[in-house]
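What follows is a single structure, and I will ask about it in a moment.
Note that the chains take the letters A, B, C and D in the order they are written out, and that residue 1 is the start of every chain.
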Amino acid sequence: MTIWPGGAKCALTLTFDFDAETNWLSRDPANAKRPGTLSQGTYGARVGILNVLSLLREQSLKGTFFVPGWVVDNRTQRVEAIIKDGHEIGHHGYWHKWVDPDFPEQELEEMEAGLHALKSQFGIVPAGYRSPAGETSSNLIRILSEKGFLYDSSLMDSVDPYYHCLEDGSRGPVELPWHWSLDDAPFMLFSIMSPRPIFTNEHVLSIWKAEFEAIRETGGLINLVMHPQAIGRPSRMTMLRQFIEFTRGFGDVWYATCSEVAGHWARNNKFDPADCAINPFIKV
Amino acid sequence: MTIWPGGAKCALTLTFDFDAETNWLSRDPANAKRPGTLSQGTYGARVGILNVLSLLREQSLKGTFFVPGWVVDNRTQRVEAIIKDGHEIGHHGYWHKWVDPDFPEQELEEMEAGLHALKSQFGIVPAGYRSPAGETSSNLIRILSEKGFLYDSSLMDSVDPYYHCLEDGSRGPVELPWHWSLDDAPFMLFSIMSPRPIFTNEHVLSIWKAEFEAIRETGGLINLVMHPQAIGRPSRMTMLRQFIEFTRGFGDVWYATCSEVAGHWARNNKFDPADCAINPFIKV
Amino acid sequence: MTIWPGGAKCALTLTFDFDAETNWLSRDPANAKRPGTLSQGTYGARVGILNVLSLLREQSLKGTFFVPGWVVDNRTQRVEAIIKDGHEIGHHGYWHKWVDPDFPEQELEEMEAGLHALKSQFGIVPAGYRSPAGETSSNLIRILSEKGFLYDSSLMDSVDPYYHCLEDGSRGPVELPWHWSLDDAPFMLFSIMSPRPIFTNEHVLSIWKAEFEAIRETGGLINLVMHPQAIGRPSRMTMLRQFIEFTRGFGDVWYATCSEVAGHWARNNKFDPADCAINPFIKV
Amino acid sequence: MTIWPGGAKCALTLTFDFDAETNWLSRDPANAKRPGTLSQGTYGARVGILNVLSLLREQSLKGTFFVPGWVVDNRTQRVEAIIKDGHEIGHHGYWHKWVDPDFPEQELEEMEAGLHALKSQFGIVPAGYRSPAGETSSNLIRILSEKGFLYDSSLMDSVDPYYHCLEDGSRGPVELPWHWSLDDAPFMLFSIMSPRPIFTNEHVLSIWKAEFEAIRETGGLINLVMHPQAIGRPSRMTMLRQFIEFTRGFGDVWYATCSEVAGHWARNNKFDPADCAINPFIKV
């Protein structure tokens, strides 16, 4: 069981993938000709992100925002507003591309382009990375390590944080795992080409609360993954407020940014190469 | 915050896309050989639209009906019944086609054919347009402007109305945004080729009420998008009645047609080119 | 408003498409090599149909069973059990094929093969027809008329029964419409290749009850479409019993077979060619 | 009605398909390049299986684990932990492959490879088999018979156990049927490429309890199919505990492994070739 600061029983990270239009473009380039579909992403940049920032101010909480380089370069004022409010900015690729791991030079290119955008626009060197759609590779984990990243937050193979193992057996960045059931998109991101069910607030709250309660029992990390274009809808902001207030009722939650969680965890846990036996970078 | 007439706290538009069979034909031309699938659209014209008109009379409310030209030309008596009851008629293409924006001459053709149908059958020049399936283009927005349309209602990038920006930086028509969660089709339009979940009235009401309440708080526009073939089913009419009565309970809702909302909003808001920075007409 | 026998306010038909494996085979011929998928259909013949017959005996109700010729020829004892209990048998194609309406000779072939199976195995000439998956054609309606069918039950373009119109403008068979929301399959028929959500009994009952109540209000026909492989699961039989008991509570429902409903309706309604204007057999 | 030991009214088998990454790899080989998707499977091996074993110890219950040979060879310590706790291990293929039944030599190969893994790693000769994704063939049933398997648990064509019939009309292994509604995966296994709805605990419990109660009434077998990567999530373990406690409340449930159930059933039931008439191994 992880020991959290101040005797907290669990850690809660409110994270936001600020994709704007890029998630639609990366999933299907033909969406570039579908402004109706894209406009859900546009909502994230135009309205959703402002709603999210407003709620975080109201709740005096700091979030972690994973921002693709394209959004940094093209929605610069919005990213500036996030930074001004003191939130953490993480790396989220440049084009939100799913790079085929057989093309490691493209992985590097996306990584460099995203780093460059954050550096040149805001002088930021991010401590963390989340891969678009959660797809990554052992090569990318190596790149993260070489670039000095403290943590990655892309995989679903654990609830508690863990150290990545590099191919040479040495210690890689901390992983802060997530899961679809603690994401907003599977419950509310609809398009005609991908007609997922749109669920009620009660439905999502039931799942989020149940995961929160069960993870809290074991002292783990509740890593909530949200998207301004989804959670930023008026009624979903109400839901997020209700969820936060539900967690406050326990009185023993550490609300933190991802780099705070990763840093604390790394200071309190040693690397054990034996833990490398099971990981999703399969060689078939 | 928008100021609505008579001190109303929010505006509610009841809109109906009266597609009849055209939504099935435009999504997959092979549906022309599937009368079972098409018959859901036929229901809209045969029965659904009559149920909708009856409910609006009972509730003394005016709706906005977006009607493809094909429906105007082939279900003419039904469209006449809508007009007779004093509702607004909007443009909804001719064939409910998703025109590829790389073929602007087809966009113009659909536009002209829809205008011609309304003009020749009923002498109507529509003030508003909603694109089939919400897909549109910056070229189409320009066409709307040239044709003198007051408003468009196709995109999801905001909750409040806003002015479109033409490519030359000048003011375009008013946009009245919508969202899938305030649409009926994602919750009840099933076909074997597109097997969406069929949700309960309680489910849909939960989502519609939550969006209504949250948008009302900020003084916005609740733009409900319905389809006679979906909402016109017996039990769904019961649901719509319940939703309307729920909104009446607040005592501060302005029930209006889209052109009333767009006109009021345009009279009270100035165009600011700075608002053009974020829009879904992406150049990649 | 239709007038039903004995002052009943509405009519309820309990219909069962006894497809066994044929619905899986017709949807995707590759399913012939997937016994796991097929075994859901096998359940219908092995167990489901017996459960259904048992419930109908318990409730002293007569159902209408639409049976493909292949099932008549290969699950003959099961069909015999249905007949023994006094239920109505309707035509449901031979192979449960979706025939392309561009091949009218195949439509005739399926029709003849289904008729032959019922005639040769049981001496039955069916009064009614339901097309596989609801897909049909104006040619098939003509065939039904020539073969002397009293009714068809394939389309979703109305709630009340109506007369089909033949291409020469004369009266065709009675249509007894249905709708996906009064079907069991969209709520519970899962396969990996077609992973529909599996809904709770409460969910299905909410939808069926709401449709029942709203159709009853207008004196219409509630035409419930079920499949022994779906509704025949143990917990779904409990649900159907609950639904039947719910409808009994109203005290004014006419429980009838499809041919009883079609016959009664035909005796009380005149054919009006003007009603032919709107139908789903679209010429594009 | 089956007679269960000690006057129990029904039998309940808690079964776990311990696929780890293999279910993702077998469904789409391209998943080998999607570690994000694979990491759900990895979770099963890294965390989920430990949670499951812990719950079974807490509840003093024995489960049945169907393990692909690849998992036996690559997650050997985890399989050892299952065995140490006294649970039953069943055969689940080697690669969790859906073998095309037109290639019987591949069926044999998968079978031999899975047997070899269990034998060489742990000296185990399994009494039971569950086919990956439930797809199998009459040839595979014959192989099971020749290899001396007591039971198969792959098909959905019954609720009660039954004897398989070999092609020569003789008695094959016992079948312990299952159904999607008593599986965890349809309710919670999400991926972008296969975006199933993620349902609440209340939803799943409603369906599982309803099936349990209805099957118990007829004295049948409730054969629960779970996956450590799905049921092993923190909140889903809570749900499984609640389900087990719900069933304990009846006081007349026989909790058993699959081989206990199959053995008991075989000792109390005679083979009747007449039961072979209806089965899903269709010759078209």
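Structural remarks
The criterion applied here is as follows: a residue touches a chain if its C-beta (ideal position, glycine included) is under 8 Å from a C-beta of that chain, and two chains touch if they have at least 3 such contacts.
Small disclaimer: the values here were computed from a predicted structure and weren't measured.
A centroid comparison over C-alpha atoms places B as the chain most distant from subunit D.
Counting every residue number used by either copy at the subunit A-subunit B contact, under half are found in both chains. Put simply, the C-alpha centre of subunit A and that of subunit C have 49 angstrom between them. Remark: subunit B and subunit C have CA centroids separated by 35 Å (rounded to whole angstrom). Annotation for subunit C: residues 197 touch two or more other chains. If you draw each protein chain as a dot and join the dots that touch, you get one closed loop, with every dot joined to exactly two others. Residue ranges of subunit A in contact with subunit D, taken from their complex: 27, 100-102, 131, 133-138, 154-159, 179-181, 186-187, 194, 196-197, 199, 203, 206-207, 210-211, 213-215, 217-218, 220, 277-282, 284.
Every residue of subunit B that touches subunit C in the complex is listed here, in rising order: 21, 25, 32-43, 45-47, 75, 77, 188, 190-192, 195, 197-198, 200-202, 233-235, 237-239.
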